[in-house]
Every structure is written in C-alpha cells, then in structure tokens.
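Down below are the structures I want you to see.
Below are two complexes that have chain A in common, paired first with chain B and then with chain C.
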Partner chain A sequence: MNPHANMIIMSSLILGPMITITSSHWVMAWVGLEINMLAIIPLTGQTTTTHEQFEASIKYFLTQAAASSLLLFSIINNVWNTGQFDITQPTNTLSSTMMTAALTMKLGLAPFHYWLPETLQGTTTMMTLILTTWQKLAPLTLLMMINQSLNTSLLVTLSLLSMMIGGWGGLNQTQLRKIMAFSSIAHLGWMTMILTLSTKLTLLTFYTYITLTTTMLLTIKLLETNKMSTAMTSWTKSPMLNATMMLNLMSLAGLPPLTGFMPKWLILQELTKNHMTIIAATSAILSLLSLFFYIRIAYYSTITLPPNMTNYSQQWRHKNQQKPYLPLMIITSSMLTPIMPTFMMIL
Partner chain B sequence: MVFFMFLFEVCFVFWIISVASGPSPYYGVVGLVFGAVFGCLMLVGVGGSFISLVLFLIYLGGMLVVFAYSVALTGDPYPSAWRGYVDLFCMVSYVLFVVGAVMYCFDEWSLEGYGDVVMDASGLFSVRMDYVGVSWFYYYGCVMFLIAGWGLLLTLFVVLDLVRGLAWGTIRSI
Partner chain C sequence: MALSFKLLENVFLSSKCHRQNALHPFCGPLLTNCISKLYSSYRRPGTSPDNTPLWKMNFSFENGVDWIKKNFGLLKKELVDHVKGPEGRGFEEYFLEQTRVVWEFRSQKDLDEWVVSSDAEIGGKSEAYLKLGKNNQTALLFGTLSTEAPRDGETGYSGYCAIRAKLLKGAFDTKKYYDWSNFNSLYLRVRGDGRPWMINIYTDPYYSHQKDDLYTYFMFTRGGPYWQEITIPFSKFFLSSWGRIQDDQYPLWLDKISSVGFTLGDKADGPFQLEIDFIGLLNDRAHTEEFAYEKYERNPKA
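Our next item is the complex of A and B:
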C-alpha cells in the first residue's frame, strides 16, 4: 500500500479504539468505532485473488456499518429518554438492549457471528490477528462501561449460544483461520457470560484470550500453514514451535495447569457464587466441544507424524523471519495460572 | 420587509424552476447559483443569518464549484438552452404544481417559531434554537473538531485505496 495511506490508516487503527476507550460521551465512543472501522476496511481488502478474499472485506464492512448505525440509533434513543450523553449513567431498557445487539454484532457473538469465519479466512494472517484481538477491544470496553444497565439473562443467553456455536461450528472445519474464528466466538461467549457479574473477570478473560490467540496466529504465520493438511507437515519447519503449538492449543481449550484454565475457573467460581450453577455446568460442558477440535489440531500437527518415509527429517534451510517476541508469548500463554492472585490484585 | 421576502421567494422559485426545466447542465448550474443566493436571502429574512452564511460558503463555494468543474469536464460540446414551447410548457406546469401544493397544504405549513432563539424542552432544560452553536464547535469543541477532521482525511485515503486497482481492486472485483 502507498506509504502515506498506510501511515494514516495504521495510526487511525490505533486512534479509533483509544478514542472509544477514553471517552465518556457517547458520540465520541461512536466516532472512535467508526474511525476504527474505516481504517481496517482497506487493510482487509488487500488481497483479491480468490472469490472468498474479496468478499471478506465487504462482509466485514456491511456488518460493522449496520452495527454502528444500530449503536447510533440506540444512543439517540438514550438521549431522548434521559437527556444526557454520559456513558457512565444508567440507560433505559430499550437503549441498553439495542446497544447489546449492536456491540455483540461488532464483536461477532452469536447470533451475529456469521461474518466472522469467512472474514477471518479471507484475509491475511496478520489481519486475522488484528481482527480477533485489537478489534474486540473497543466494543468490549463499551459493554463493560454499561454493564450495570445490561440484562443478565440476555447476556447469559447470548454467551451460551456463542459457546454452542463456537464449539459445534468449529468441529467440521479444516482451515485453521476458521477454527480460530470459532474459538474466538466461544471465548467471547465466556467473556460476556460474566460481564454483568464481574467486569474484572471479563477483562482477565480478554487479556488471556488475546495472549493465546496472538500466540496461535503468530505460530500459524511462522509455520506458513493454514490447513490441517499443511499443519501436519509443519514440524519440519520448526519442531520446537510445533511442540509449543500443542501447549498453546491446550491452553486455548482451558486445560489446567495452563493459562487458559485461569479465567474459566474463576468464571465458574463467580457463577456458582451467584447461584447460577446449572449455567456454570452447561458452559463447562460446552467447552468440551471446542476442546475436541483443539485436540484434533494438536493430534495431527504435534502428537502424530504424517504418513511419510521412515527417514523423515527437519528442513535444513530455515526461514529467517523469526518473531523475537514469540517465545515470551508462548511462556505467557502456558504458565500464568500459578500467579493468578497477582492478576486478581492488578485487575 | 414583507415585500422583500415575497421578492426573494418569487426569484427563488423562478430560478429553481429554470434548473428543473432546462435541458443542459451548464445553464442549470447558473440557475442553482442564483437560486441558492435567493434561498440564503430568504433565510436571512426569517432570522437565520449564521446558517445563511454557512450555506453560502459550503453550498455555493464548495459543492457548486466542484459540480461546475465536473460539468465542465463531462458536458456536451454544444449545450442547448431553453428550446421553445416544450420548456415553456414544463415551466408552467411546475409553477402550477408548486402553487397547487402550497394551496393544498396551506394550513399545515408555517414558519412560526423559526427565528426563536431559546426554547423550553419538556421543562427540564432550555435548548438554543438557532444555528450559532455550530460556531461553538470551532472554539470550545476544538478536540472533537480535530478528530472529525482526521476522520474525513482517513475516509479520503480509505476510499482512494479501495478504488485503486483497475479490475483487481477491492470494490471493482465485486
């Protein structure tokens, strides 16, 4: 892309969520979301070779534009009813329900998740990374700011539905980016489950999810694999990275003692404290579905060797585009559960 | 004063009808310019002096200039003005339509309360009713103004990047 355009677009990509996060006026929050959406549209539409690729950008734009206009309408409804634009004041029921719908549409929660797998599949891996991690920041922050006005039943319903769809939808996938999309849907379900009960835990889940997803997508990018068939033979490129990919996948699934277990455990504890035991048990059972496809990727990439000759060795010519922060991210994505009290204190 | 308002309204309607019934965009732009001038004068007459100046600046100075350039680039080489009885018939029918519409809806349309400055909103607070608040945007709201300007610059670059490739660009491929 043109360097001038790239500079403006990259700085707007950072500026947008910063405006939304630091705003107390609803219009500024909306302006930040719009700047964010405008900045990412040309970035998602850079490759236009296949049919899927150039539809991904348009699908993303249409969904986000519809969500932004719904959010603007609910803001105006809020102003009409309460007479003020402050985010921290409670909203009335209609406004908060419409805001929930708009922000979950932006996040990609069920039942507004249909754009997410195809959009993540149709862009490059770095853009998948940005779409799953950075783009979730602004809508989730707005949801956390209005959490007192939100309807717990609605959010719990949406999150259970997201966990179901994230689990069952990812079972039939072979493309790794689509699997990451369904994992994103399921993790966002966990985040919004606990939103009205404890925003601290939502934030903790979000940070953990960012770490895990970033590590996984950077691993996918370094191994230059996108499908399960190429993931099978990717150990030849970097055996150590393949081994840590298994740890990362188990962490995404939420297995103890890895990092991904920490937010799930705390969420289940918080749910049982609020006497929502059946919901807690249901969400724990639904995470088994996503565990299956994580284990499947780990099985085919790390635990077993693909069918080949016996003398099967590593590639002797390595790529030299290593990411120096990837080892640090692997450590944070595997080993943070023992220092969980630190996180509770910080957050 | 009433005579001035009447004069401005008649001239406004005349120039707008000349735009609507003219066959060429060149002369249509002329009609738009003069119609906008008289529309602004009408606004001054009911008390919206600030909004009239803003309309002059943005509409005449911005959009019409751009429209005139684009018409100059794409217009036909031999533009035709009012041809004869066909356009006269069009103009007369437009005038009759406007007069008929005003007569039909006379009881519902009124400019009452247009020039008021302050209005009471449900007893909770007072709302300022004129458009001078827009000038506050440039002084008290300078941060929002900068962010809005940045958003417009960003939109320009995003649109330029989306229509960049001839046949393989993002929008063209759809």
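Our next item is the complex of A and C:
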C-alpha cells in the first residue's frame, strides 16, 4: 500500500478509539467509532490474493455501518428524551437497549455474531489480530461508561448466549481463525457478564483477553498455519513455539494456574457474592465447550507427533522470523495468576 | 429482524408476481406440488407461468406435517453432526482421509440430485438426457448437440448441453456447502466419446453481484471402450463470470463449494455421450501448486 495512505490509515485507526475513549459527548464518541471503522476497511481488503478478503471487508463494513446507524439513532432518541449528550448521565430504557444492541453488534456478541467468523476467516492473520483486539476497545469502553443505565438481565442473557454460541460454534471448526472468532465471542460473553457488577473486572478480563489472543495469533502467524491440518505439522518450524502454543491455548481455556484462569475465577467469585450462583455455575459449565476445542487444537498440534501417520506433508522451516516481544507475551499469558492480588490493587 | 425482512420481501413479490409467491412462506409446505422458490423465482423459458387461481390450489395438511417432520429431523441431524465433527464425521476421519467419493450413480435417487439442461431453454434444438447406465453402475448423459440458433431475432449463438448437481439444502431450506479444503484435486472416472467437456464448480458467493461466478476447467475425453480416470487439481480452475474469463484470477475457495457441473459446447453438431462412474476428491501430496495463474497488475508502476 502507498506509504502515505498507510500512514493516514494507521493514524486514523489509532485516533478513532482514542477519541471515543476520551470523549464525554455522545456525538464525539460516535465520530471516533466511525473514524475507526473507515480506517480499518481498506486494511481488511488491501491484499488481492483472494476474493475472500474483499468479501470479508464488505461484510465487516455493512455490519459496522448498520451498528453505527443504530447507535446514532439511539443517541438521538436519548437526546430527545433527556435533552443532553453526556455519556455519563443515565439514559432512558429504550435508548440504552438500542445502544446495547448497537454496541454488541460492533463487538460481535451473540446474537449479532454471525459476521465475525466469516470476516476473520477472510482476512489475514494480522487483520484478525487487530479486529479481535483493538477494534473491541472503543465499543467496550462505551458499554463500561453507560453501565449504570444498562439492563443487567439483558446483558446476562446476551453473555450466556455468547458463551454458549462461542463454545458450540467452535466445536467442529478446522480453520484456526474461525476458532479464534468463536473464542472471541465466548470471551466477550465473560466480559459483558460482569459489566454491570464490576467494570474493573471487565477491564481485567479484557486486558487478559488481549494478551492471550495477541500471543495466540502471533504464534499462528509465525508458524504460518491457518488450519488444524497445518498446525499438526508445524512443530518442525519451531518446537518451542509449538509447546508454548499449547500453554497459551490452555490459558485461553481458563485452566489454572495459567493467566486465563484469573479473570474467570474473579468473575465467578463476584457473581457468587451477588447471589447469582446459578448463572456462575452455568457460565462455568458453558466454558467447558470452549475448553474442548482448545484442548483438541493442543492435542493435534503439540501432543501428537510422528511417528504417528499424518495426512499432511511436513513443512519446511523458512528463515527464522524473530519477534523479540513474543517470549514476554508468552510469559504474560501463562504466569500472571500468582500475582493476581497486585492486579486487584491496581484496578 | 429476519422475519420482518422476509415479510417485506414477500410484500414486494406479491405486488410484482403471482400471489402464490407471497403465500409461499406461510403455507408453501401445505400446497401440493409446490416447488420451493426460496432461492429464486426462476421459471424455465418455454414453460408457461403458473396462474392457478387461489381457490383451485390443493391445500394438504398432510404435506405440512410431512414438511415439519422432515425439517425438524434434518435439524436434529445437523445438531448431532455438529457435535461429531466436520460434516458429521469425526476429526480422525477428517484428518486421515485422502480420497472421498462425492457423487456416484447407483440408483434413480442419485440421478435426481442432478439437473439436466440444454439450449432448448432458449429455443435451441439440442437435446440432453440422463439415465442410469448398464447394471445401474453408472450415469449416462447422452443426447444431440445442435448449434442452430433459435430464430427469435436476438440470439446469435446456440449449442450447449449441461448437467449440474443440485444445491445442498439443510433444515428449513438453508444453504449448505461442501467443505473440500482437505483435498486438492477432483477425481473423475468417466468414459466419453472424445469430446471436450467443461467442468464448472460453483461456490455460491455471499453477495449477489458474484452469483454468476464459476470456476471452470476442461476435461478431454478419449473415447473408446476404456474408462478414463481424470485428476484435475483445484489449482487449475480459473474464474469466469457470465461465461467470460476474468482478468483478476483467484484460487478456488474450497470450503464453500455449492455445486459441480459438466457442460458440452464444442460447436460440433451431432450426438454425444458421457458415462460417469463416480466423481470424487483426492488429496494428492505430490501436487504442491497453489494456483496455476499469475496475477498481474493492470496498471503497473514504472
């Protein structure tokens, strides 16, 4: 891509969420979301190697544009009813419900999740990384800012639905990016579950999710594997990275004592404190679905090795691409649970 | 939201077309001999439009009950298959398979999965038929090709015959696709008459502006009494739209295959015959080519 265009697009991509996060006026927040969306569209369809990327960028644009228009409508409705544009002021029920719908559509929460697996499957791995991490920042921040106006029952329902669909949908997937999409849906469910009870926990879950997802997608990119079939023979490229990928997957699944266990533990504790024991138990059971497919990837990629027959030829090891930050990210995604009290104090 | 869109679509349809289209989503399964129009309202040229008045249509609750039973059965099967693995088969089977037979012709039910067409639809004089071969072991596609153009004042060319597999449908007529991402070649066992055929693979893209996109390659038959085993890698298929080869070529998207077809259009008048034993897939580990056609920039920078 033209370096000037690239510079404008990247700066807009960074600027958009910053405007949204720092604004207290609804229209400015919406403008930030729009800048962000318009900046990411050319990035999702920039390479022309497959027409899947064009389809993915069009799908992403249509969904995000629909969500933005719904959000703008809810903002106008809120202004009509309350007479003010301040994000932190309570909104009326209809506006907050529409805002919830719009923001969940932007995030890819169930039942507005249909675009996410297809879009992530069609784009490149780096775009998948941006779409699952950076693009979640602005809508989640808005949800956190309006959390006192949100309907807890609605959010709990959406989050349970997301956990269920994220786990169920990823069950028989063979494409790694689609699996990461369903993983994203399930994790967003955990984040929104605790939103009205403790925004700090939502933030902690989000940071943990970003760390784990970034590590996983960078690993996938380094191993140059998009499918489980190529993941099975990727150990030849980097056996150590293959082994740490297993740890990262277990962390995504939320197994103790890895990092991913920490937010889930705290969320379940918070739910139990608020007498939502049944919901906590249901969430824990629904996370077993995600656990199943994470373990399956780990089993096929790391635990099964030759001389077991595989149907796929072993991959050649190309020039070693060194990512100096990846070891730190792997440590962060695996070993943070023992220092959990520090995070609680910071947050 | 989906329901409201469907209702709006039907309101539009009822204003433009026969009211039967508007009634279809509500009581289509109850109508006897009701052909599903969920994919398109296509009517084959030469057939008269169906203007049956409302009071003459045969409503049958039995049909409705059968439809409900069939679709809920399909839904249950889809849910169970989802737990088993990709396309209802376990992961070990998915990873270890190297060949798969997708279509074989052993009974009339197998033939019913295919649609035969020719230029008779546009007024041409070609004929094509599909029947079971000897001992019900093969499918025989035969007929006569005629390049005589119909005299309608607008058609300049004619002369094609084709068969195409029907689209896969899931519960409640949802679209389903074949996932061939585990394979890299199409394997056919055929016995032809020396004519060149075109094999078309349809991937049913998401957006309607790409609905005429087809991936095509050629199958040259030898003729004679001996069977021919043809392997065509998917990397060789090129993209065409509305019959025109596209400048921007892309590799075939193997996890969303809708249909496969065979077309004869070699401009040679006369009888033709193609016998097909089976159509399958092969994971040829010796074939490492990803895509056969280079992509070039139409306006390269100096």
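Keep in mind that, in the parts below, the second predicted complex is superposed on the first by the 330 of 347 C-alpha atoms of A that agree within 3 Å, B and C clash if a C-alpha of one lies under 4 Å from a C-alpha of the other, contacts with A are read in each partner's own complex, and residues count from 1 in each chain.
Assume a residue touches a chain if its C-beta (ideal position, glycine included) is under 8 Å from a C-beta of that chain, and two chains touch if they have at least 3 such contacts.
Since this is a predicted model, take the numbers as computed values, not measurements.
Chemist: Once the structures are superposed on A, label A:M232 by its partner contacts, choosing first (chain B), second (chain C), both or neither.
Modeler: Only chain C is touched by A:M232; chain B is not.
Chemist: Kindly classify A:I346 by the partners it touches after superposition: chain B alone (first), chain C alone (second), both, or neither?
Modeler: A:I346 sits against neither chain B nor chain C.
Chemist: Classify the contacts of A:A39 with the two partner chains as first (chain B alone), second (chain C alone), both, or neither.
Modeler: first
Chemist: Let me test your reading of the model: by the given contact rule, A:V31 touches which partner, first (chain B), second (chain C), both or neither?
Modeler: first
Chemist: Check the residue A:A281 against both partner chains and state whether it touches chain B (first), chain C (second), both, or neither.
Modeler: neither
Chemist: So, A:R296: does it touch chain B (first), chain C (second), both, or neither?
Modeler: Once the two structures are laid over each other on A, A:R296 reaches chain C alone.
Chemist: Quick check for you: in the superposed arrangement, does A:I58 touch first (chain B), second (chain C), both or neither?
Modeler: both
Chemist: Which of the two partners, first being chain B and second being chain C, lies in contact with A:Q175: first, second, both, or neither?
Modeler: In the superposition, A:Q175 contacts chain C only.
Chemist: One more residue to check, A:I14. First (chain B), second (chain C), both or neither?
Modeler: neither
Chemist: Do chain B and chain C touch any of the same residues on chain A, and if so, which?
Modeler: The overlap between the chain B and chain C interfaces on chain A comprises residues 48, 55, 58.
Chemist: Looking at the complex, which residues from chain A come into contact with chain C?
Modeler: 48-52, 55, 58-59, 118, 168, 171-175, 227-229, 232, 296, 300, 309-313
Chemist: Residue numbers of chain B touching chain A in their complex, please.
Modeler: Touching chain A from chain B are residues 124-125, 144, 147-148, 150-151, 153-155, 157-158, 160-162, 165, 168-170, 173-174.
Chemist: Quick check: in the complex, which residue numbers of chain C touch chain A?
Modeler: 82-86, 91, 94-98, 181-182, 205-207, 210, 248, 250-251, 253, 255, 283, 285, 295
Chemist: Going by the contact rule at the top, pick out the chain A residues touching chain B in the complex.
Modeler: Spelled out, the residues of chain A in touch with chain B are 1-2, 4-5, 8-9, 12, 15, 19, 28, 31, 34-35, 38-39, 41-42, 45, 48, 54-55, 57-58, 83.
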